[in-house]
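In structure tokens below, several structures.
Next come two complexes, and both contain chain A; in the first it sits with chain B, in the second with chain C.
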Partner chain A sequence: MNSIFGDRKTIFILLGPALLLYTGLKIVPVLWSFGLSFFEGNTLRGFEFVGWDNFAAFFADPAAIQSVKVSVGFAVVATIGQVTLGYLLALLYVFGLRRGSSLVRTIVFFPAILPTVAIALLFKSFVAVGQNQGPVNDIINFFGGESVEVLASTSGTMITAIAMTLWTSMGFYAILLYAGLLDIPDEVLESARIDGANGWQLVRYIVLPLSLPILMSSIIFSLNATLKVFDSLLALNNGGPGTSTAPLTLYMYRTAFEYAEYGYGSTIALVLTMLSLVFTLAIFKSSRKRVEE
Partner chain B sequence: MTILGTRLSKWAVVAIAATIPLSACGGQQATDPEPTASGATSSSASAPAEGGSSATGTDPETFSVQTANENPALREQLDALAADQCKAENDALPLEHLTVAQADTVQKVTLLASQDALPAHTIAGTAMVRPDGDLGAGGLIVNLEESMGATGALDHVLPAVVSTENNVYGGLVSMPYQYNIEGIWYNKQIFADNGIEEPATWDDLMAAGEALKAAGVTPMTQAGAAGWPLTRLMGMYIVRNAGPDAMVKVRDGQAKLTDPEYVAGAQALADLASAGYLGEGFSTRDMDQSQNLFLTGEAAMTYDGSWFLGAVNDPDRNTVGAENVGFMPFPAVDGGAGSIDHYPANAGAPMVFSSKAYGPKVDAWVSCIAENYGQQAMQSAGIISGFKVNGEVTDVSPNTLEIQERIEGIEETVLWFEALFDPKSNSLASSNVTLLATGQMSAEDYMKALQDSIDANR
Partner chain C sequence: MTISTPVQPGAAPAPALPRRRSPMQRAARRALRRLPIWIGVTILMIVVLYPQVWMILGSFKSQAEFLSNPALSLPETWRFDNYVTALTNGNVGRNYLNSIIVTIPSVILIVLIGVAAGYALEVMIWKGRGGVLLYVLAGIMVPGQMILVPLFIAYFKIGITDTLLPLIITYTVMGLPLTTFLMATYFRSVPRTIFEAATVDGSGPLRSFFVIGLPMMKNAIVTIGLVQFFSVWNDLLIALTFTTRPAMATIQVGLLSLGDEYGSTQYGPLFAAVSINIIVLLIVFIGLNKKIMAGMAAGSVKG
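Then we have the complex of A and B:
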């Protein structure tokens, strides 16, 4: 085996086709898009080199800055929510339900396989007002309150979007973290119990540190997925009211494909990439620090 | 051993995280960056050829027509013509349908045009077909006023259409398969029950709203989720207040949206909404819900285009009865410079001809469509088009006939609010209007944001 993987030619033959495909489908378009950030125009009008103008325009564009805030805010809140809920569920599976958890795991995971647009329509009807009023307002009316137009306000839309995201994804993160928790050796837990650790101490001093790697991976997964949120906010309220819940991805899409400004659209994509990179690196840095402590 | 694994895996994760958003945008842009418009035949330079034909290009192999996926009616009408009145043209150059999702129109047409692969006849974006738009400036589309003028087909086009297309597209470049005027549809029964006459002024409309609300009826329903059903009310107030050329002045920089007579329009909409005359949940109401509120007698009025006739004439949807539905122009504003007779009009999404594919056989198709489409569409589907109805039509509903008569009597049409905006400002007008109508943005702030966007995109 060693002799096969020691042979450069074999490595090249085995990796070559996949690498070529990856380069052609991923790397080239990425570089192409990067190059486009320095141009303005579209395929019909032609492209004109504008240097750093698109970047200067980005930082002076209130709509772009607003979109960054929406993306980052959504990512932070959704990540905290879905990883926390996922972790609590995973603890419940391992320590509460134990072997009987498979049915609950399946039920909680189920929303993850539903299409986002269908989920958005579902949540939209939950909070609907008017002739086809949804259950949320029915409950408010039952307790004597006035119907609330949830999707008419920024905070209402955001809360609905976050609730929707948590409902959809907590099952996925629960499974991910559950797999990590299963890796913790029973002997370690047992010896801690013998040493007199109670439930909370067991989680705080044994389970949490030992599941830190998978927890970090979950946070990185979650941050990167939620920073790139697109379909849920689009389907829920079209980035509205106004453009107050339009994330960077939606702004990028509209700029490139609705306003046919490919150069500026690519600039927005680049900023989004940098954001993902910064967040990922920041998590790595902080986790390394914690591990070294 | 570190808990988080090796450095290598760290950079692998970083690299994957980094590539995803970039490729989401970049993957669709790998197209020829060179402009290809330079070699196109300019439509303005086209001259009528001998024998009454005004062909500027070479006929393609089929009469390829790209329409919006959402508009099957047009495909049905063209199929009907190909089988009957335009059979000879179809034998010479068979009709072939291509479709595109309406939302992807600009993207797809831009791509096709840059690859020199425009269908003979295609839907396009409004801004693209104007003289300074991507298709117009490149001379990629046919000026129909010249080509149809040369063959005499122009005689079959209603005069109001030429006025509307000149206003919106800067010339007659689109086949007017639809011709829509807009106004307020009202429930005659509800008006009679509450002793309300057709409101002639905005103040009358507000008074009617008060009376209807007191009677427990939703005075007016609009599909706020779509945005434009709200901006239309504001735009019409502005046109009645500042005059029919109000939006042209904004485009030309002679007036600003922050001027008092424009801000008054935004304020009028905000007042209408805050008084509760649009009913509960209007900002998230979609088009079907809104139309159903009116058609089931829950709401007394709705501002909509003549395309609403399809629903009005459908007894399954319209439970109040077609005879109970009336149509009136948007009311006047006291002391305003506009007239109640100026109807906002549009000719649907532009349907243009590629100048390169405009050969004699395509030209023959155009003449045949112009002569027969009006009657065909009216007779078989009750569609009001911008073509004259040549011949008799039977079994057409009185509502449709009434609108058709109004259209024939119109000499001057006005533009809707966003008609002359760039795509970005257009989108902003629609998306911010819910903030305005729900009191989260003042009339001044709304107009300022919009004017700033227009100035930035000039």
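Then we have the complex of A and C:
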């Protein structure tokens, strides 16, 4: 039996295409890009080996440091926001709406499949001022305030980007965490209730600890996704005002493909990869420790 | 609820009257207690739905109507002018076509190659398959930015930068690791005896893949196919990188430039172009929401 399932020809035919594509177009380019980060130049100009110069340049480059701040800041705030909102929604589905939550779950989830570019254009029009003023400023006007040009400031742009990210993804995280909450056995909740735990105590001492693993994987997933933020900040305000809200991904894209600095662009990509690795490991380690305690 | 019942009989001084009223009172009290939940749900629905409805209604309004009558009013007449302008002026029609041309082959390739690899890694038994699975898994972690520059150079050297091939190839490669991994997990949940029985009946392992493995994975294929469809359709980064001229742009790249073009002057065509996206995806979602939600959740927990 095992010799039949060990048939080399079959393995080769089925696995060959995947391994060939993956190795040739993912692993080799990753190593290639890693190598490029020690060079300066592009294909037309030629490449010159510069050792660690690109990395030194990166840490002395104010635009690069700003882009790290934008990416990390966005990732931290968006992650806290979307996991918290998702968790609250999941609690609402499980304990508030119970069996009737299906329609609400589906409606709140829907924005998660919409293209980020489309959502960014929607939010851009939503906060717009001037000739085509959007509802946000209409509301401000209604209460007697002056129209605010939200996208003219760095903080306004970041807040809008965070708001649209939360709007888009909270339903998705709610589904993730909802699945985790459903796994908590009813008997555990019931016995806690009989012991006299009220709603808040139930959540704090029973539900939260039991859903910690799924919370941790949501946080790791969210950090990894939001560190690579690109579409929303680009489509919302083109990384502006100026380049003050350009994340690492956008800075990398511009460096490599608009200024044709392939070497330095690769260095920025490597920093981004390292950052997501460090974030993942840090969360992973801290969650391990907490579970052990 | 269960705790309070034994106390009540002793606490109630006149049992006859309250007892008759109590079911209604209890129902009223319960409705009152549910009130905050329903207020919360209403606010939630407004927050989620209002922006979408606002945009779709806006796409049917003329510029003048949009300005005079912005918030949440139905258009005076349902005009499709904006849709006509959006699809004929500029490249939006072409953009949608490009997106379709790119997305369909990419998703088919990802799923086919991925399900075959999953079968080879899970159902077939050979030395080193665990190591190969880990090797594939490592690719999920690496951001797309890490491969863009080398791929750009390579595509340029082969001379395919003026076609849509770079997009199809890159999407396929980007989608493969997760798909392979998920397919392997799905095959793990199929009892081995099914494949073994087929072998006893004289079916070779390759035949078993096409006759048993593939049909059995029908559900998984649709689920993962949908997830990959959205990630390819919605992608901006790769499309932007490998698009060398406007006529080759996908819809996301097209929308981005449309935003710059119309953004502050004319909302109609822009809203129409975005609304097409929302409406089409909404139709897909209404039909397939269970599968989409399950697939996206599965894809992330492992990622």
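Going forward, the second predicted complex is superposed on the first by the 272 of 293 C-alpha atoms of A that agree within 3 Å, B and C clash if a C-alpha of one lies under 4 Å from a C-alpha of the other, contacts with A are read in each partner's own complex, and residues count from 1 in each chain.
As a working rule, a contact is a pair of C-beta atoms (placed from the backbone, for glycine too) under 8 Å apart; a residue touches a chain by one contact, two chains touch by 3 or more.
Since the model is a prediction, treat every value here as computed from it, not as a measurement.
Of the two partner chains placed by the overlay, chain B and chain C both lie in contact with A:K228.
When the shared chain is aligned, no partner comes close enough to touch A:I162: not chain B, not chain C. Legend: residue contacts after superposition of the two complexes on their common chain; A:F172 is shown touching chain C, with no touch to chain B. In the superposition on chain A, A:L85 makes contact with neither chain B nor chain C.
Chain A is touched at more residues by one of its partners, and among chain B and chain C that partner is C. By the touch criterion defined above, A:L270 lies against chain B and chain C together after alignment on the C-alpha atoms of chain A. Once the two complexes are laid over each other on the shared chain, residue contacts for A:V50 go to neither chain B nor chain C.
Once the two complexes are laid over each other on the shared chain, residue contacts for A:I219 go to neither chain B nor chain C. Looking at the shared chain after the overlay, A:K26 reaches both chain B and chain C. Residue contacts after overlaying the shared chain place A:L97 against chain C, while chain B stays out of touching range.
Shared contact residues of chain A with chain B and chain C: 25-30, 32-34, 36, 43, 124, 128, 130-133, 224, 228, 238, 249, 252-253, 256-257, 262, 265-266, 268-270, 272-273, 276-277, 280. Residues of chain C touching chain A in their complex: 2-3, 37, 40-41, 44-45, 47-49, 51-52, 54-55, 58, 66-67, 70-71, 113-114, 116-117, 119-121, 123-126, 132, 136, 139, 141-154, 156, 169-170, 172-174, 176-177, 180, 195-196, 199, 204-206, 209, 230, 233-234, 236-237, 240-241, 251-252, 255-256, 258-260, 263-265, 267, 270-271, 274, 277-278, 281-282, 285, 289, 292-293, 296-297, 300-301, 303.
Residue ranges of chain A in contact with chain B, taken from their complex: 25-34, 36, 39, 42-47, 124, 128-133, 147, 149, 151-154, 212-213, 216, 220, 224, 227-228, 237-244, 246, 249, 252-254, 256-260, 262, 265-266, 268-270, 272-273, 276-277, 280-281, 284, 287-288, 291. Against chain A, the residues of chain B that register as touching in their complex are 2-5, 10, 13-14, 17-37, 104, 106-107, 110-111, 113-114, 134-135, 138, 225, 279-285, 289, 293, 298, 422-424, 427-428, 431-432, 434-435, 438, 440-441.
The part of chain A that touches chain C in the complex is made up of residues 1-2, 4-11, 13-15, 17-19, 21-22, 25-30, 32-34, 36, 43, 89, 92, 96-97, 104-118, 120-126, 128, 130-135, 138, 167, 171-172, 175-176, 179, 193-194, 196, 214, 217-218, 221, 224, 228, 230-231, 234-235, 238, 249, 252-253, 256-257, 262, 265-266, 268-270, 272-273, 276-277, 280.
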